[in-house]
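Worksheet for the structure shown next.
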Amino acid sequence: MDLLIQIIFGLLSALVIGAAMMVVTVRNVIHAALWLIASFFGVAALYLLLEAEFIAVVQVLVYVGAISILILFAIMLTRSNEGDRLLTKYWWASALIALGLFGVAFLPTFTGTTWNMPQPTGPAGTPEVLSGVEELGRGFVSEFVLHFEIAGVLLTVALIGAIVIAFEERSRRRRVLTLAEELELRKRRQAAESVD
Amino acid sequence: MYDVINHLINTVFGLGWPSWAISLIAYLLVATILFLVAPFQMLFLTYFERRAIAQMQDRIGPNRVGPQGLFQPVADGVKMFTKEDIVPDAADKWVHLIGPCVVVAPTMFMFAVLPWGPGMVPLDMNIGLLFFFAISSVSAVGLMASGWASNNKFALLGAMRAVAQMVSYEIPAVLSLLAIVLVTGSLSIVDLIHQQAGLFISSADVPGIPDLGLGWFVFTPVGFLAFIAFFIAALAEGERTPFDIPEADSEIVAGYMTEYSGMKFGLFYLAQYVLNFLLCAITAIIFFGGWQGPGVGWLYAQAITPTNPDGNGLFNVLAGMLGVFYFLAKTYFFFFVMVWVRGAYARLRIDQLMDFGWKFLIPLTLVNVISAAIWVGLTKWGAAEGLAFVEGWAPLMRWGVAFVITLLLNIAAYIFLARVYSQAQDERARLDNEVLERLTNVA
Amino acid sequence: MDIQRGNIIVMDRRRGKLRAGQGLLQGLKVVWDHWIGSFRKNENFSQIHGTFTIEYPDERMKLPQAYRNMPVLIYDDETGHELCTACYQCARACPPEVIHITQAKDPNTGKMVPASLEFIIEYDACMSCGLCAEACPFDAIKMDHFFELATDDRMGLLQRKADLNRPISYYTTIAPDLWDEVKEGAMKKLQGSIKRRPGVIGIAGHLSDKIAARRRELEAEAAAAPPAPADAAPAAPAGKLSPEEKAAKLAAMRAAKAGGAAPAAEAPAPAPELSPADAKAAKLAAIKAANAAKKAAEASAAEAPAAPVDEKAAKLAAIRAANAAKAAAAEAPAAPVDEKAAKLAAIRAANAAKAAAAEAPAAPVDEKAAKLAAIRAANAAKKKSE
């Protein structure tokens, strides 16, 4: 059973890493976005392997269902730079920084310490399920209420900002008449001319 | 299924296979059954829809292939299979290919948590409902990919519309479900059904109500409003007629399916009808008790269950059959309603769709969530949660008070929003008129 | 709900009033009523509920009398005479110009006769406008109700007179009132044109019994009158002759008579120079006719077991026709009359063959052979006229 899990984990990790590699190497931006979605899926499957069903499902719902769609929309609605050279002449600097960050992340592993965090302890009587819905909910409204609120306010601000931008854009744009309005306009003009 | 396979392999044949192999076989078997059931549902639904819509239009519909035209979908399927698969030269070949697959796959996944009868659920996840809707949102990616890869302006427009519509209407759908989840306190679909026993009043709210399997959520004000909002959102998610903007054939050929032919087109078709079936099924499950109905509860109580291991196997079969019958009857009824709506209404414009979703449905479902909170407070809470004054009331009294308050709240919210919405429309017409006057200098 | 055509229904949008979805429910109600009603059949199309579908191959809609699809020619049941007088009004009215008419001539006098010799409508290009039927002063061309014309043979849509002829009794079944309106005038005009038609000209070609009856009548008249001058043709053995045999004999007789009478022809046209080509063409026509007759006879033999008599008769007729033609060719000074007569003979032979074919029921092979013969005869005639 453990071996099976190991094999599945290996395959999923390969999927996630491979897809992530494709995201940064592929020329076509849309392809990159699609590979990103594949990577998200792999991550969701990894969560599932950790028996964190809720997180996995939310990963699919939010990242695959919404964020990636937003990315796709953003790519399609902006000018495409397909074929541009993605590597600048300072690519080695970025590579160094990335490697350094990677190394920092792996430092505890290299030095032999583990990542183990203390298990979350819920109220008495609640089952010890990692990231169950209920623990998450309770955490949001008790322990992490400030973070939760800040995130909410941030999102609201972003929403209002988007609305403001859209409104300005619309008011600046010349109004395009529908066919019915065009006809009505012509009729009125004719009526005005006949009066004159 | 696991027990049956285990019994068959390890007891009857005495092979002594490990449990993971048994699990694998059991899941494969269930998955195979579901993969067979899904296309058959689609075949039947296409036939059903064509006959029903024809009758609504005073026609007869397909009635020449087989008895009453029952084999018409088979003939269509054969046609679909034998058609040439055309990929446009300018298309992105691989994305063009995986588009339909990505659209179909989630609909098949969604069957995994769908309970067909008492104890007949492939996978009883404790977050089944969330899983269902999370997975359904994945098909938007497939739509986007296929629309983009076709390299056709109609396809891209259709895909954009489809995705915008799906993303927008997911919010009212999930919000209306949230109200139900608040009431039940569980995200498990099986729990949801079990809580709908009773007779017009759920036995979860008032203990001691006779169990006729009719304690559906739709009989409560919260559930009813959630049902209306959810069904409208389901119509939009399933791209059914008043909201079939993504494939509006009079405007943008066939939307994202424009450049598809043969079996790839068939896959889109399959995905659409299976999704419609699933949406009808989930409507029946959440608001109309799924397999709940008179007799099922009693039969299932006599059957072999984890809580009742020495029951009678015959009752398992009987309860299962009756439950599946109720479930499918409800599901097909909702599909009929979808067809009915298709027969009655014209297609909305994209801006009307967005207006309706964002300015009417979402506020309405938000109010409904508040109603649900009031409902839960009045029927389930007590002094521990700070509502000491309800402690002394009889359960029926609590239920009645909750019913009246949420009913009033929901009706008020509906009328208020309808008024605002219609005033907004009038205001818009007036503004248009004013703009015209300003442009023409003629009153 | 009573909606009159041409009326504009103004929808009252009732702006400002709160409807709260009532309109949507009303819409659902309408559709529901239609759905419930659709389990009944809508019998008379007066109510708006119920299934309207007519399952076409199984059941058919009753077509209105004035329905028009393709033009056909009308002939009288009793006498077998066609109403058409070859006045060319329809050909002139036809917008796509698909009507082609040849007027019949009196073989004795060479004068035009109020009857058509051939009448062709190209159904493939016909647009069913009905202008021919409108234009026809003799009510001879009418619009048929038959509409299942689909075929894989385009030339089969070139309809000749034999394909176009329909009896009045048929037309009265499809449009009794329309016929009643014009009946009197049409029949009167028909009587007028019958009087001006010599011999069997103007009788629908496939009505061999009518032709035979008419011929007997003529013979009786001839017997009553002073004996006819031309009886040069070898008398056929008296007895029971089949109609086609008779027709073949007639063709032979005509050919012979024409050949013999050529020098004494009262044609006003001056006799042209001796033209061996003409003679050759005449011979050719005769041979072709003979071949056609033979073929038709063979076909009918294949069809009907009791056909040897027919075959023999046809062969005999063909041989006679050939002989006569030969004789005609031998009679050196070939006049245009001669030519025409030969043509006529060929056509007659073809008709006879066709009639023989028509005799055998359900014999497409025969029909084809007959058509072939007719086409050959026509070709020969054309070549000749050239």
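By written order: A, B and C. Residues from 1 in each chain.
Note that in this section a residue touches a chain if its C-beta (ideal position, glycine included) is under 8 Å from a C-beta of that chain, and two chains touch if they have at least 3 such contacts.
Everything quoted here is computed from the prediction, not taken from an experiment.
> State which chains count as neighbours of subunit B and simultaneously of subunit C.
The shared contacts of subunit B and subunit C amount to nothing, since no chain touches both.
> Most contacts: which chain pair?
After tallying contacts for each pair, the winner is A-B.
> Based only on mean CA positions, could you tell me how far subunit B sits from subunit C in angstrom?
For subunit B versus subunit C, the centre distance works out to 67 Å.
> Roughly how far is subunit A from subunit C, centre to centre by C-alpha average, rounded to an integer in Å?
Result: the chain centres lie 80 Å from each other.
> For subunit A and subunit B, what's the span in angstrom between their mean Cα positions?
26
> Any idea which subunit C residues touch subunit B in the complex?
15-16, 18-21, 24, 27-28, 30-32, 34-35, 37-39, 42, 49-53, 55
> With touch defined as at the start, can you tell me which subunit B residues reach subunit C in the complex?
Those in contact with subunit C are residues 52, 55-60, 63, 340-341, 343-345, 414-415, 418-419, 422-423, 426, 429.
> Touching subunit A in the complex: which residues of subunit B?
Residues in contact with subunit A: 20, 92, 95, 125-127, 130-131, 133-135, 137-138, 140-141, 144-145, 148, 156, 160, 163, 167, 170, 187, 432, 435-436, 439-442.
> Which stretch or stretches of subunit A touch subunit B in the complex?
1, 4, 28, 30-31, 34, 37, 53-54, 57-58, 60-61, 64-66, 68-69, 72-73, 76, 132-133, 175, 181, 184-185, 188-189, 191-192
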